[in-house]
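Heads up, there are several structures right after this.
In what follows, subunit A forms one complex with subunit B and a second complex with subunit C.
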Partner chain A sequence: MATNLEFINSFEVTGTVQSLDCDNVFSADYDVYYLTVALKESSAGNDQWIRIRLIDNAGSVITASEYDYAQLNLISNSSFVESRATGQAQILYGGIGYTDDTGNGAGLYVFNPNDSSSYTFLQGQGGSTVGGTLYGTKGISVHKSAETIRGINFHTTAFWGSGTVNVYGVK
Partner chain B sequence: MAGSLIKIAETTVSSATASVTLTGIDSTYDVYMVSLSNVVTDTDGATPIFRVTKSGTADITANYDYAVKQLRTDTTFGNNAEVNITEWKSNDIGTNTGEVLNMILYLFNFNSSSEYSFITQEISQISSSGLHRARQGGAVHTVASASDGMQFLISGGNIASGKFTLYGLKK
Partner chain C sequence: MSNEFGYIPESPEQSFGNNKGIFTPTDIYDLTRADKYTNYGQLELIETQTGTDVATVDFTAIKETEYNVHFMTFNNMQSANDNIEVTQIQLYENGVLETASVYQLARQNCSTVSFAENRTTGSDAMKLLGGSGNQANEKQCGYAYFYNLGDSAKYSFCTFHMETWTSDPYFFAGFGSALLPQASTVNGIRVKTNGGNIATFTISLYGIKEYS
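Moving on to the complex of A and B:
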């Protein structure tokens, strides 16, 4: 039976990298996308947030200060922590959390990326361990520029040694 | 998750419309999902609200409870909760560029005549004051009878545009 969650593409970390482009995944075929994100650092002790940028219609990663975000960090052994910022050059707290050498798992919805007259909205939630402590994360983000977006970039200040991002269209 | 969504009903609004009703929930699936993307109002400061339907008609009795965490990019996150009200709701939206509502709902027990109808909600929107905000949490309709859909409308205004889709999660 045909279904309405349609696989678009999969992007795998190969080697040791700091950046993963998921390009040419957003199109006029869908308004809403769902991404699974599982990224693992290449060595212990770095514990860095997964950072997000969008890719414009020309294939360039957008580095302008056009991102707002907010995230609630649900930490298993201490008080929950709020994070937020506006006018940033990247989404640091997009809800999908950290990675460390034990990896992470997250889901991310992306709304309206192909609409040239609309902002692109994201919302995500994830689970990660940081030095052995569970961090649950829930977050929202927006790219405050009305333009066509065709892809998404994940990057880190540490290094990833493995991981996969799968992109689905919600038809 | 892959390939697990089955589209049941969809409405795309492109001119002023008072409400959208999505029905078709029955015993076919245990869990349903609703996606709203790029929902815009024609009235600044109007509040999107949503209700369950019983036999295709919105239930407006005061039996709606919700508890959510309000993520926001400008200041400290809030807790919002109400009981025994006549609808569920998001933050208000406006008429300026980017002031739209995007939302994912998961619906549980809707077809049961002996259980309450539960939802989880994830919202990413820009409010009428231009703030990026979200209501993330849960809600319940405290009536033990079957619900067959959802109605969406905007208190104090019309839906100017947007896409509303109901899916079943394949067993």
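Moving on to the complex of A and C:
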């Protein structure tokens, strides 16, 4: 049973970027990781998702179509929406970073990234707002290649102007 | 606090995960207080409350200036009355409890009977799950994360996942997100029901420590 979190590293958006690498955070020290994710867009009107890719053992962001995901988008004033796909080049992730809100919050669990004989599995849950309306998300995803993963990349088609990702090992 | 640590005259810069030298107990004490000594265990217990037959459970020392993310666990939650929402959350803004219908909620209900969406933009609380009973085993448990509580420039978000053996009875769970859409400093959390006392409860609040 997991009993505590151990801080590994913190990654902060500096300048205006479309991508944030959290490299060299997964190791043999832990099987499960917890990340807090708060990323915020830098210009109004883009309203794009946070997307995830993993970083392989050589330090390269994996762009192959090896990701599956299933996510429920929970909206406080309209019907919930399913987002799901297989064989994608990235994971659609919650915790959307819009400009017209006042912050957001999300957490992400990553399982078995350092195990070269296992797929890497992820679970995420978050909250954000669009025009003052709550957009919650809860999703699962998998990287369907048994290989050693050493980091995680967050990216968007818009731009981020601020934000922080903290990475913890679950002990 | 001394600028010298580890008997190294150059006084190397110390930080979490990057301590150099040999440390005296005083060094460790000073560096720990300055958040510069490597101590693992970043899920830090703030407070556990347990008891019976109370109207509300208040957490009023949540250390909102130390943590950006809070984690709360609920166990053995049972209502005195039948078919009650036993884990409603209200937040204190600068010591004032927000009771107006300003909270937003988006929750997916899952049960052995049916699935349903529960959503609102004007609730008087974050209603994590209903259906609690007052008979044996009709208890609720789960967890919630809170984000940005101490940040006066940001809204306060919550994500949660709860489950219960209901008053009907059947197995019932809900997960989702909740929001206090007001940029304010939240310095307290209230747990309440929508009718009658909380009969039994064990609630723990943790902070998730960050380092920059």
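Basically, the second predicted complex is superposed on the first by the 157 of 171 C-alpha atoms of A that agree within 3 Å, B and C clash if a C-alpha of one lies under 4 Å from a C-alpha of the other, contacts with A are read in each partner's own complex, and residues count from 1 in each chain.
FYI, a contact is a pair of C-beta atoms (placed from the backbone, for glycine too) under 8 Å apart; a residue touches a chain by one contact, two chains touch by 3 or more.
What you see is a predicted model; the values in this text were computed from it and never measured.
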item	value
Overlay on subunit A: subunit C relative to subunit B, clash or fit	clash
Contacts of A:I140 with subunit B and subunit C, given as first, second, both or neither	first
Partner chain(s) touched by A:F7 [first = subunit B, second = subunit C, both, neither]	both
Contacts of A:N104 with subunit B and subunit C, given as first, second, both or neither	second
Which superposed partner A:A38 touches (first subunit B, second subunit C, both, neither)	second
Partner chain in contact with A:Y168 - subunit B first, subunit C second, else both or neither	both
Touching partner for A:G132 - first (subunit B), second (subunit C), both, neither	second
Which of subunit B and subunit C A:W49 touches, first, second, both or neither	neither
Which superposed partner A:L72 touches (first subunit B, second subunit C, both, neither)	both
Part of subunit B, among the options 44-52, 80-88 or 152-160, whose backbone runs into subunit C after overlay	80-88
Where subunit A meets both subunit C and subunit B, residue numbers	4-7, 36, 72, 125, 138, 166, 168, 171
Subunit A-touching residues of subunit C, taken from the complex the two chains share	16-17, 40-43, 68-69, 104-108, 117, 119-121, 145-148, 151, 153-155, 157-159, 161, 175-179, 181, 183, 208-212
Touch list for subunit A against partner subunit C, complex	4-7, 9-10, 12, 36, 38, 72, 74-80, 101-107, 125-129, 132-138, 164, 166, 168, 171
Residue numbers on subunit B that touch subunit A, as the complex places them	1-7, 35, 37-38, 69, 71-77, 97-98, 100, 102, 104, 122-126, 132-134, 136, 163, 165, 167, 170
Contact set on subunit A toward subunit B in their complex	1, 3-7, 31-32, 34, 36, 68-72, 82, 84-86, 109, 111-112, 115, 118-119, 121-123, 125, 138-142, 144, 146, 166, 168, 170-171
